[in-house]
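For clarity, chains are labelled A, B, C and D in written order, and residue numbers in each chain start from 1.
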Amino acid sequence: MNNYSSQRPYRGIIPPLVTPLSGADDLDEAGLGHLINHLCEGGVHGLFILGTTGEAPSLSYRLRRKMVELSCIFTKKRLPVLVGITDTAFVESVELAHHAAECGADAVVVAPPYYLPPGQPELLEYLNDLIAELPLPCMLYNMPPLTKVEIGTAVVEQLLNNKGIVGLKDSSGDMSYFHHIENLAHASSNWSVLMGPELLMMDSVLSGGDGGVTGGANLFPRFFSAAWSAADNGDLPAVHNMQETMIQLQQLYSVGKHASAGIKGIKCALDILGISSARMAEPFRAFNEPEKQAVASLLDELRENPLLAADFDAVKSRD
Amino acid sequence: MNNYSSQRPYRGIIPPLVTPLSGADDLDEAGLGHLINHLCEGGVHGLFILGTTGEAPSLSYRLRRKMVELSCIFTKKRLPVLVGITDTAFVESVELAHHAAECGADAVVVAPPYYLPPGQPELLEYLNDLIAELPLPCMLYNMPPLTKVEIGTAVVEQLLNNKGIVGLKDSSGDMSYFHHIENLAHASSNWSVLMGPELLMMDSVLSGGDGGVTGGANLFPRFFSAAWSAADNGDLPAVHNMQETMIQLQQLYSVGKHASAGIKGIKCALDILGISSARMAEPFRAFNEPEKQAVASLLDELRENPLLAADFDAVKSRD
Amino acid sequence: MNNYSSQRPYRGIIPPLVTPLSGADDLDEAGLGHLINHLCEGGVHGLFILGTTGEAPSLSYRLRRKMVELSCIFTKKRLPVLVGITDTAFVESVELAHHAAECGADAVVVAPPYYLPPGQPELLEYLNDLIAELPLPCMLYNMPPLTKVEIGTAVVEQLLNNKGIVGLKDSSGDMSYFHHIENLAHASSNWSVLMGPELLMMDSVLSGGDGGVTGGANLFPRFFSAAWSAADNGDLPAVHNMQETMIQLQQLYSVGKHASAGIKGIKCALDILGISSARMAEPFRAFNEPEKQAVASLLDELRENPLLAADFDAVKSRD
Amino acid sequence: MNNYSSQRPYRGIIPPLVTPLSGADDLDEAGLGHLINHLCEGGVHGLFILGTTGEAPSLSYRLRRKMVELSCIFTKKRLPVLVGITDTAFVESVELAHHAAECGADAVVVAPPYYLPPGQPELLEYLNDLIAELPLPCMLYNMPPLTKVEIGTAVVEQLLNNKGIVGLKDSSGDMSYFHHIENLAHASSNWSVLMGPELLMMDSVLSGGDGGVTGGANLFPRFFSAAWSAADNGDLPAVHNMQETMIQLQQLYSVGKHASAGIKGIKCALDILGISSARMAEPFRAFNEPEKQAVASLLDELRENPLLAADFDAVKSRD
């Protein structure tokens, strides 16, 4: 798409892994192993653990550290591992980053602290201070619906020279913002610019973005990787075809009602597919039987979709 | 105000203490001691540590635990100590509550988890689950601007029978909500219902509320306690008189620009008064010289206000 | 409550009248006559037509003018008539104000234009420009949830010397804002400061406010007038007693689901009481049978409340 | 892009015309004529008058009718004319639609009523009722930041069979919503689906959308038409190239500070280019000298951009 794109550190699909749980404060370790194999074999380009989809803020610090250790072990360097260290407490972010480095992770991901929102100048100072103490490269994470503050374009502009930063993941859903960031980042840095919302992933790549951190790739890594390739190759007919499947997948995320509906839908489907547990961390709960039936029915419909066949076949053959 | 009000556990002014800091991850222990003495001698009715004003989410877990220990030691049972245990991670809230119990604290305070917001049914389950594991009585904390979710009246109605709860502190600024809660709580429980925003404290007490968790009481404990008494006694001329001072105090909270302006103003004034350090935890910074001069000027104006004389005199005599 | 309160132009209860309709673009003239008599005989202190509760923006200009004419005729100078002239188009506001003056109305009420929101300096200029062209005294109307912009305290401060203004009605629900305005207005002007939300009316009057523009007074003018008097006299036990009834009345406003639920509830109850039509203007609809039954049941419960007996008796005797 | 796209009624660039003013309630008729010629000669595909950019809600009804008459006269059937009839009052929308039909306009455009927001079922009934009374085909207009309500996908689904509707213009900025609508509309109707925000126009067309209602096309009709063609032809290198200019143009819209900054910037630039007056309707004001200088400087920079040369040349030659 761009002559210099090959110099950017992260390109392609980097799924935000769910955190499989077997108890209130226990990992479903077998499930995590299955999930990581499912993704590594599914052709994605990296793994992002302990993000929003990974329910990181809901996990105890002990469990977060365990999740980092096991993810690095199970991945066996097949793919880069990016670790979310977003926290309201500076010190906790730094410590988790050091733990990630010791475990062999490749990068960390940081959204603004999410309780009392900093102003833009405060955010700039915070990010510079934090990144100075990190032992790994840092990906910024823009998520204003949950952090109450945008990493504004003026702040991004001043961070472009910060050598500790390797890119920005935008989950705002605001495609105008993304265009501004993409324009800034690719004009004067080698940042990777990644898209969060699935329906915008191919748009973003067509317009010069580097890839997606798309929750649905937990389930369908081959489909999402193929969709990224189609967009990265500028194959518009394939993009149009695949976008219909992207829209079809959205139904999985709206079986539930509240803000956690998307994560619940993905975890429930992973459970039905025999990959990992549906259990959620407090304050959320796995779907009850009626919602579980609804997810199962949707999966049955999706099984008819030829674009998802490779993913369903891979799951079946693993049995 | 009400025949049964004497049975309610918390009445009066319970300042939300700032957390005095001497370094990025260090308490200003001397300052904390001064502050606690200033408040105990100032006639307030309880101490609330590790709330929003206490910058709790910005502090490392180690520092939060230290803050609980020292606050209990310095208070020497002169007043009840309430400890904020709000967290996005269930397990961390429970552990901090146990630590608070071991240190001799009297109650804990819980707002909803503040990253991905739970729906109302999820919030109800979460609160019941959490409170079942707490070793101390629990005060609910309604803070929708920062948690993105209100503890709705329907949820409150279903929590009225939960014996682990001793009341609700409302910082929403929505006086209609407060009236609904006050009506529910006092009809069928002995909950204390406390007000956060200072300008609404006397209104709330006139209408049957139990008191205030008012940031300005860090600075002027005698004034706030007297204001509470005036309202609790239904002394309307005194209330009107004191409300003008309440409005005058607001200027201290708007010297800065961002969401943290109120805390910065209080910490800066405490520093000028020789009580405790102005230092803020990341992602915030203490005021620079111009803002500090503005706070000093405001304090000079406030010194002329006879309603604040007792507080200023007490500070001076402590020197 | 205040030595100078007698100099303020509007004190007491000024109900925001619903607009009774008999067709998509027709007034229920008989109903309007009944309603105005019901209110004049019910002891309220003024009538406010063409506000939010009056569905003014939903009415054609022809119908708004007709509503002004008939309201003035039916009122027969028994009470002051205030006319809402809020509009997105400056010229239309001015023309409606002149029409109101010709019909014998006493004042106009103006909220900020409500499509593309002006900034604060733009709002200040707009209000000064508009008021300069008005033939009647003007009451400001703060309604940020619907206009997207607050009449900020800095703007109010600069308007205090504008001789065309007689007060401000605050429907923000933000009691801290109200205190700031009340403090500004009564320190340096004779503005009347009125409260919109019913649950805050008595709080506001206890703290020095002048009265309420309370939708429920369409139904229960005697009760609301008595509640205002209790607060204006500082009779706290009566205030507490009446506040419980205020909370009970809220159920009428939550039978429906959307933003129009309050108006629908009032219009439906007025219909059941035989006063005026339940019909709503587009884009809203009168309640269907199930909601109508719910309102009827609530009215039956309210009939048991002795504080509402005088209002129910007056309606019955009118039959 | 799509075999059936040729059956859709509106494709391409349909600028939302500013309303040139010469006084508080007077059209700059000469300016309007220049503007319409500028656009007709600039290769756009339709004209949309009385939208948000046209300040419609700020104009008196008399002026809106005049604007419709003159626009139809000046256009001389060179292009289809779409007329915004959005209003809070149903009757006024219908009357303006009839006026538009009499003047020879081709379609009307309707956003939800924008004061008290309807719920989704209310909105559906409202739109069906309104469209039944319209003498011209109707384009829906989704603009939640200003109307407070989205035309939700479930409502759109139920409107697909309404023969009075020819499409939907989406100004939400929410590209996920756009994808849902585009998918619904093109699967079962011949609706045109148009994009409002400029930075998203080419994305939307690449993904199957029909065109843009882009404010900047008032200034640069040739550039916007060429950008639309590049996207409609799937010419990705050209799209990337043009997107940089789109981003450069954004500076024009952020010289001012408030919500009206975009319209002010366009009107100011049109004035500098000698096309039409900079005057704004209340509650807004044309830029003062410093902002005007800033716009002039930006225009000087844009003059260096070869992609805009055709537009600048056309303006110069018109002198």
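One rule holds for everything that comes next: contacts are C-beta pairs under 8 Å (C-beta built on N, C-alpha and C of every residue); 3 or more make two chains touch, one makes a residue touch a chain.
Since this is a predicted model, take the numbers as computed values, not measurements.
Listing every chain that touches subunit A and subunit B alike gives an empty result.
Most remote from subunit B, judged by the distance between CA-atom centroids, is D.
Our note on geometry: subunit A versus subunit D, Cα centroid distance of 36 Å, whole angstroms. Distance between subunit B and subunit D, defined via averaged C-alpha coordinates, is recorded as 50 Å.
Among all residues of subunit C, none touch two or more other chains.
Only residues 24-25, 52, 55, 57-63, 88-92, 112-119, 122-123, 125-126, 129-130, 146, 148, 257-260, 263, 281-285 of subunit D touch subunit C when the two sit together in their complex. Per the touch definition, subunit A reaches subunit D in the complex via residues 1, 173-176, 179-180, 183, 197, 199-200, 202-203, 206-208, 234, 236, 239-240, 243-244, 246-247, 250.
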